[in-house]
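Below is one structure; the comments refer to it alone.
Each chain gets a letter, A, B and C, in the order it is written, and its residues are counted from 1.
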């Protein structure tokens, strides 16, 4: 049968229980469900303030069957660094520490903490599920809000006037071992990326597009399809970046025009033809630049990471030194 | 083992003796030698800790919170603006009942930039739920650092200890380093009752509704109210093992005094010499050193004053100011002594001095004593010494 | 020491830190929903559009599961002539196939043909119901009559088919040329019907050799399926000239083995299948052939592949033209004066009416074949039977205005295709069975036999439908109900065809169809519209993890947690989940 049997590629265990408080049709719990399937129970989640703070369920409930630390808004990577250090002291080197946070906590208030952790190459898996605004507090703009979008702080008369921050470019500039985009529209691709990230060390960054029906003003059942459209029209390309240098696309992108994607979302309802064309131009330009980076990637070889730990050092290796692979 | 060392290094020694497991800190004058010394100790293996060199103090506290939540012993140090930057996380550490210890090198707050000592940084954090212990000497710093972990882990409350910038942090004093083996007996490895553990998965810190939040704050309050008795017991052990103790409040030559100085930090050392001089001259001046500011030692101070009986005036020397209000120790003392009967309640003179590192000399203290003696009641709640308006 | 905190009634023991002690399963988020999902097998468009009433999706699904013999049986339960229809049907199933919007319709005709051919290599067991005492007569052995007889035999009746011609098949034998439908193929399919105990009596014309009254004496019910053989006249001057022949008469000759000399040039008038059959047959007899049609190619009623094959083989077309008169030379038709037409307003057939422009031109030809439609000769049956002018009037089960007289196929005023005739024959059989059992039944019962608004299923009538359905509802799955995201593009398998030289050189079958393996592969392109295949897409995409495997197959939706978001229904590749308003 020509149906692609995704069930053959999705692990069957469930680590997210029903009864969580996500809005109907929200992509975030689906993303978490899939992520935990890939990562398994040997995972600790650090969760700064974001929609999932509420989704996870109020005390004394939790919908995640792994340990969770609900953290302050800007602190995910820092808290995770502390958790990681403690786990390593306890000999639990294989426990994955995953930071799970929204676009607000990543692009804006938490960017400093993220940059710090990435610069230190902390051995954490950082996941930004991006619904393109501060949705938890009622749909206010963030620096992840795309140009032209309505939000409660960028009303239709003056919609979002700056481009979405290039978070992946920022993370690539840190030279971390792995950065990638993924989305619930392509669950197998997402699972593969989480699995790949899990098997690596150092700072791994995953940027997930997470459609939000109330914030994007679409039907509850449209989120998955919108995620696919965003990939196919190259608004949100599926890519992987290793060491900040080797860029590759992980699937074909049809290059569909962006307009149908925009028209399905009430947050873009006010756009006129000129504005739509502007968005299309931006997408096309960024795509060309991305193609160039992908093409250039073949020229750079992976260089070995030198160990700064002197051979005469006693057993304790301070986390401040670059970690040799495998530690 | 006796060594001569500056206060910042005394902190580092305390951290090493306590076998801290995770440190995360960001450098700021005049704390920097704390982190430098600790880095050395980690590098040469004398301290088997992970040192996370974060990019801000807010992250430093967040990182030690993360480590503490995972069940290990964690420490950080800061000062002034750094401490303020981690303000949100101070609340978090206390509300999360994380037994973190932090050394704060007291330093004034800008603008204008001022690297010298006063207590506004730590005192402005007095509502965050941390125990606050103010140190007078470098010996006290080492001892308090270790005891702070024991206190924190006994009650699941975070503890900050203060040392004056430059006067202690950068001043070398002789210090008797306690024996590591004895310290290990005094302070075993941390055994956290709850932690992040994949074998027992829980979520920590989720949404708590109005129907339960007050209970959690009540339990936090209850724990803090056990601090005085717990600290006393801890100091008793320390006394037994190492021959030293300090007390949450120490009375110095207070018997029979009719005027008491109330001090904290290094001003205490200067005040001791003033008391000695006045006593030598026949004046009944005594001193109360307040080490434990949070929880405020209300019962101890009240009992002390009742016991002392003859005190008619109290001169509180505050190296701090709550703008729009008064010196903070003075204000808290007034509240603490409010319930004393009419005959027992002394006049309280609150003196604001030494802000921004301005020297508090015996003459300055003498000025305060003179003012306290001169007026029958304070002319205002905050009496500023040595300010030329 | 602090005073104890005053307790309010209901205050519970609270730990010092907010540490979770339970999952969120205590929160029944299902109360949020206002729409509720449910698995309902729905009707694939192929099933809904098949005039025969075949469970096409059903047999394609069986092939997918490797159950090819069962697929054959399911097909034969509805269609006695699959090898025939796989070759000549106009396949509205393919026109309706939802896969068209992705990468091309499933080549259902090719699969049907393969199954039909396979059914001769691996014959299905003869299926018959408990024997009935009543006997039924069927007049006419075209597809309608053959279908009626077949189904009645399967229902347990003794059936005799009376055929006026020397051999059975009706228009299948008389009208359709061998290069489209080899006689051996037709004979084999008809033989299967005979194997069910149906007696086919050829060379017997009712009304002449046997009276209608005799029939009603000997048989408890009669089905009339005598077809429509009278070619419509053009009504223009010169129509009776030698060389101007009705297309059907020409085809009867050629299909009977004759190879008349048509001269050098032939003009065929008309745009239907008969016209194409005439044109392509004339081509094979060595003539240059031009088809004249009064509308454009888009309006031609002929099966599209027939037109393409005709073009491919070298038939010329003149569109938007109609003959005004035929002129003679040497006592034979020599030229056709035609008028150019333009398309005007839409007429009753839904097509734009051709309007004369006044412009004329002339074509020369030695032979003209007219194929502008046929009419049924409405026999003088025993008594009056209602007709609408276009044919006998029949009800939903083929019943005429007269008692135990049923009718189907081209003799009625319904659609005139092979598939419609097969479907009509089946309806008559069900109608006769119901009549003879004195079973009143009602519309609801009839609708339960249908696929959506499509034709009835004999398997359902016999309560022998082997296909398991989950809470079926009778609405059709449109292209907006399926989700192509789960499908790879797989191009449609193309039939193997003779090249144009080989094709027009003789009357060998032009279309070789697909190999069995290719046909089975093609069957696997079926989306299984409306039928849950347990692919787990719904389970995977549910944001609330509310869908799990049920112990005995299929899925359970935990309505206590399902928020009614509709993602499962939207993502289902085949529209097998329906969202309805939630009721408490």
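Criterion: a residue touches a chain if its C-beta (ideal position, glycine included) is under 8 Å from a C-beta of that chain, and two chains touch if they have at least 3 such contacts.
In this text the structure is predicted, and so the values were computed from the model without any measurement.
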{"item": "Chain pair, A-C or A-B, that carries the greater number of C-beta contacts", "value": "A-B"}
{"item": "Chain whose Cα centroid lies nearest the overall Cα centroid", "value": "A"}
{"item": "Gap in Å, rounded to a whole number, between the CA centres of subunit C and subunit B", "value": "90"}
{"item": "Geometric centre distance via CA averages, subunit C-subunit A, whole Å", "value": "51"}
{"item": "Whole-Å gap between the CA centroids of subunit A and subunit B", "value": "42"}
{"item": "Set of subunit B residues in contact with two or more other chains", "value": "202-206, 208, 212"}
{"item": "Subunit A: positions in contact with at least two other chains", "value": "56-57, 59, 61-62, 65, 68"}
{"item": "Contacts with 2+ other chains: residues of subunit C", "value": "18-21"}
{"item": "Contact set on subunit C toward subunit A in their complex", "value": "18-29, 32-33, 64, 483, 485-490, 524-527, 533, 535-537, 539-546, 558, 560-561, 563-567, 569-571, 573, 579"}
{"item": "Residue numbers on subunit B that touch subunit C, as the complex places them", "value": "96-97, 156, 194, 202-206, 208, 212, 215-216, 218-223, 225"}
{"item": "Residues of subunit A defined as touching subunit B within the complex", "value": "41-44, 46, 53-54, 56-59, 61-62, 64-72, 74-75, 77-90, 92, 95, 112-113, 115-116, 119-120, 122, 313-316, 318-320"}
{"item": "Residues of subunit C that touch subunit B when the two form their complex", "value": "1-2, 5, 11-12, 14-21"}
{"item": "Contacting residues of subunit B [partner subunit A, same complex]", "value": "21-22, 24, 39, 42-43, 45, 48-56, 58-60, 62-72, 74, 88-89, 92, 196-198, 200-209, 212"}
